[in-house]
Amino acid sequence: MMKLGIIGVGRIGKVHITSISTRVKDAVIKTAADPYMSEETAAWAKSMGVERTSKDYMDVISDPEIDAVLICSSTDTHSPISLKAIQAGKHVFCEKPIDHDVSRIREVMAALEGTGLKYQVGFNRRFDHNFEAVQRAVASGKIGTPQIIKITSRDPEPPGIDYVKVSGGMFLDMTIHDFDMVRFLAGCDATEVYVQAANLVDPAIGEAGDVDTAVITLQMENGAIAVIDNSRKAVYGYDQRAEVFGSKGMVSVSNDSASSAVISSEDGVTAEKPLHFFLERYMDAYGKEIAAFVDAIVSGRETPLNVEDGLQPVLMGLAAQKSLKEHRPVRISEIG
Amino acid sequence: MMKLGIIGVGRIGKVHITSISTRVKDAVIKTAADPYMSEETAAWAKSMGVERTSKDYMDVISDPEIDAVLICSSTDTHSPISLKAIQAGKHVFCEKPIDHDVSRIREVMAALEGTGLKYQVGFNRRFDHNFEAVQRAVASGKIGTPQIIKITSRDPEPPGIDYVKVSGGMFLDMTIHDFDMVRFLAGCDATEVYVQAANLVDPAIGEAGDVDTAVITLQMENGAIAVIDNSRKAVYGYDQRAEVFGSKGMVSVSNDSASSAVISSEDGVTAEKPLHFFLERYMDAYGKEIAAFVDAIVSGRETPLNVEDGLQPVLMGLAAQKSLKEHRPVRISEIG
Amino acid sequence: MMKLGIIGVGRIGKVHITSISTRVKDAVIKTAADPYMSEETAAWAKSMGVERTSKDYMDVISDPEIDAVLICSSTDTHSPISLKAIQAGKHVFCEKPIDHDVSRIREVMAALEGTGLKYQVGFNRRFDHNFEAVQRAVASGKIGTPQIIKITSRDPEPPGIDYVKVSGGMFLDMTIHDFDMVRFLAGCDATEVYVQAANLVDPAIGEAGDVDTAVITLQMENGAIAVIDNSRKAVYGYDQRAEVFGSKGMVSVSNDSASSAVISSEDGVTAEKPLHFFLERYMDAYGKEIAAFVDAIVSGRETPLNVEDGLQPVLMGLAAQKSLKEHRPVRISEIG
Amino acid sequence: MMKLGIIGVGRIGKVHITSISTRVKDAVIKTAADPYMSEETAAWAKSMGVERTSKDYMDVISDPEIDAVLICSSTDTHSPISLKAIQAGKHVFCEKPIDHDVSRIREVMAALEGTGLKYQVGFNRRFDHNFEAVQRAVASGKIGTPQIIKITSRDPEPPGIDYVKVSGGMFLDMTIHDFDMVRFLAGCDATEVYVQAANLVDPAIGEAGDVDTAVITLQMENGAIAVIDNSRKAVYGYDQRAEVFGSKGMVSVSNDSASSAVISSEDGVTAEKPLHFFLERYMDAYGKEIAAFVDAIVSGRETPLNVEDGLQPVLMGLAAQKSLKEHRPVRISEIG
């Protein structure tokens, strides 16, 4: 049984506690730490099998019984806590993004050098049954050489304006998942990004300096062209689809829904909406990503998503911001 | 150019005039006859390319220029007019059913003997793109030995009560198409019928002595079991589906709709209803059945649906009536 | 935390141990008993969180700490162990069928009388997301008065011949789930059964005195007609669908698959096969049925599937056997 | 009966002759002219109901009995023949594009001024049942304000290299249909185009100076962002889909296939490929566009696609060429 510590028990921290307790064998959470840990949260954590809770994350870092640390705190703390955990000899699972500052991601990279410690970034969608199936079809050559990669990624509703202001912008907060997905499906890096974006959902988002609707074109290293379309608000639910077109065919996936029930009536033939939010859609994927992390530690194999995989989507996000600002295609090599 | 005559210009007669004028090359309608031919109908027929109209069907039968006759009049006249047309040396296309009286169908059979004339019965659904695809999959062995055959056949709304009273009952009027389809898909005859039926749609149908809802089980000669479900009223439109399950797999077809448009909204994910009625769903099939009839005459090959194919569904319908009355499985050999 | 005991650790017993350990909060398995408990099975059970294992099921029955017993042993032991557990004051979850002998089911019913103990039968499919959605649509009136109920239930491969011989026949072993489903969807009992069945999959099944293919028609108390089609072998996987047609529309559900991936190539547009077996398809449902059982005990509410719900499908199965033998529709009231 | 003349009896000319003879009432083709008219083609045209054939297109232009002219000749002759036909007082239906030279389109526009003659451009896809349904959903407000418009348009195979060389490039030859579709669905013009394109299908296309794969982003006047993805070769057939996403929902359409047959086997669940080429997919649309043209002449209403509608996609195509060359977003106003 591997002992884990978890730092940050906000929304995503709770997701990990839930998925580990119900979906991950071979690992338990010894300690969950959060400076704002309420009594209610502590009680809930214990009911989910967490041994102890704390307000001091050093109770996790300095505990010799804890093998690995999950960093689920606010984005600005990801890289500093990563460094401390690495120094303490812990394996690290870090929520995305590692940092908005490329140089600090490189510091994490440098700190890992030679330690033999495992580091995994939390791009959970790679573990989703649908996206896995697309990647498998591409990697196995079933569709030939990839030529066009399309990702639709739309949230059911925008985050609060307070969050928008500190989120780093849509590209680093939301699209970053899609940037990772493009790399996962293409099997290579992007070399250039062009953004066409707008503020169409809520004027308050525009006033906060961000966009909420975008079509993003990417040139991939292997010659394929990728395109992502994003919206902060799809009234019909969480829209998460992908399609890869190649020389021998196409693979595509559609949304998941709560059931396959279809009602035919005078009004039409109506199926259920997509699952409404990421917790419903990706709960299995969250379990599988931690299982993969645990397995990498136990087996000594590379994690499926290392620091380099954490860096690239940040570079893509920064290039996207530059493209939007300068209204031109931006090469990834212009960044960092 | 083959010259056709059409007897009966009610609903189905008009369907044939329309489909021949727009979908059948190599044939024109010289004369359309109907005792109740109105001026309006006559004008419409001419606008569709019919050369002349008449109130006397003998103007069709005795015209030496007319090669073939389409009998679209009321059911009770099908076999008598068939006999007259055969006597006059005409090829005959006859709407279903040839007769409710088996002995009169056998008279038509006898009259054809040795004449070399072509006779085709109007089971149009065999020419529908979907059902053709199912039959092709079965006949080509793609699903192995057929084991279970399922047909869903539901009308969008019941006929008027006046029609119900003279229709011969749901099994001979509506299910007869499905009886033909079962034979088409199985590639053999039925040996036994069992009916579970009820009057659930409209009490007036029950008062008229008929049922409006049924599940009909059939034992097929080749060992397969078939099941038909019928309703006189599907509020969502004309429901026409089939599925054949066999030792190597299953083939199934769904309904056609006006477009593939799907609207995702807060209310769900809504596709279009099935095409509402047989005119929309089967117009292409009507054209193809007449083209096949013309082709059989020209090529000298057997028609795809001969008198035997007209007889068997009537036997099945009469067995179904007996099964309903006696509440037991009835062998086809008990009839006629 | 409710303490459960489990009797019988064969295939279905293992399913329950797995689902309880990963999907059911508020309950743990204290003891798992099986006369043939191997060391390997015992070790596996412990790894899944079972506290102790035993070869004597009385270690479950007589343990005062155990609140409720899950009977997962062979069918012939279901009712005797039920009676002992009830005598010992335990709540009982019993796998289907309670017994093939109606009088012994009635003994269980009598034993429960006045005890306040909960008894639940293991018709897991009622807890499947798809079938739940159909039932909800029907119960909420969305499709109006139910008129035709259709269930397709086909196994991916037949059981071994040794099992076939002791299974009680396809109707009591396999179709019994569908009989329950028909009652669940119709919201009422069946009054009559008619069977058309055959031995088409494997001659050895026929030699063992059983059928492997069937179409079963049922008259329901509320006027609806139901039809079930069964096969012991669908080469494309576990085929589990349902459709309810009513005066205001239709609700239908299709199969689940591992992902929504569709590959378009020169060979066609190919989706994944249905999930291959009941473990994959119904694992969530197994968890939900035990959670519902635990909840009924805690809340004092009736279980969703009581002894009466265990009795009715057995009556339907026996009527189906009689219908097959006597080749006629059989009323449920003729049984027992 | 309106009398039409047709100039150019190559592939598209034959499409129009076929669709007019089978799908358009109220119009006949009096004369079909083509400088390369073979005896075979002339015989075929007559069998389809064309009264006479000629090698001189002036036999169409100068015939006082002919009300309207269909220009189906090579692209470079579209605008000169348009001008002659207008001078001769004929209504004109002109295949796309009117010209690659914007100034010559403006000449046609000027020539029409004050004549009262109807002019329609051949963007047939607007008359396709699926795209019509999308447009209707958008125009009726069902999806709210359009925000993202997506068009997938992929040919089953590239044209011959000889044609590629004279085609004007993929954007003016193939994408031009999609540019029209974007305007049709958005209900407004584009203001800016950005192209990411490549030569991935066949090196010979690249050697001929053209691309064969592209993702094209467009800024629309109403604020929506549109994206088109093109390939010259989709091995699974003609891929023609669209999706419009808006503030109240999304409407999308999928491909048409020859039947809805789905075969479930050990290999998967396989549906038919999309209809393979534009003749199969759009034959109904070709009939409807000519019917609309005839109707505009008869009723005196504006044609659904006037010269302005012919001009805009050419501007978009030229902007796309410039974007590809200069690797930057290009405003439509920079062209012409």
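So that you can tell them apart, the chains are marked A, B, C and D in the order they are listed, and the count of residues begins at 1 in each.
Rule of thumb we're sticking to: contacts are C-beta pairs under 8 Å (C-beta built on N, C-alpha and C of every residue); 3 or more make two chains touch, one makes a residue touch a chain.
Just so it is clear, the structure is predicted and the values come from calculations on it, not from any experiment.
Taking the mean Cα position of each chain as its centre, C sits at the greatest distance from chain D. More C-beta pairs touch across one of A-C and A-B than the other; that pair is A-C. Here the CA centre of chain A is 39 Å from the CA centre of chain C. If you average the Cα atoms of chain A and of chain B, the two centres end up 58 Å apart. Among the residues of chain B, those touching two or more other chains are numbered 234-236, 239, 248-250, 264-266, 272. Listing the residues of chain D that touch chain A in their complex gives 145, 147-148, 150, 154, 194, 196-198, 200-201, 213-215, 217, 219, 223-227, 229, 231, 233-236, 239, 245, 247-250, 327-329. Residues of chain B that touch chain A in their complex: 234-236, 239, 257, 264-274.
Contact residues of chain C toward chain A in the complex are 22-23, 129-130, 132-134, 137, 142-143, 248-256, 258-266, 272.
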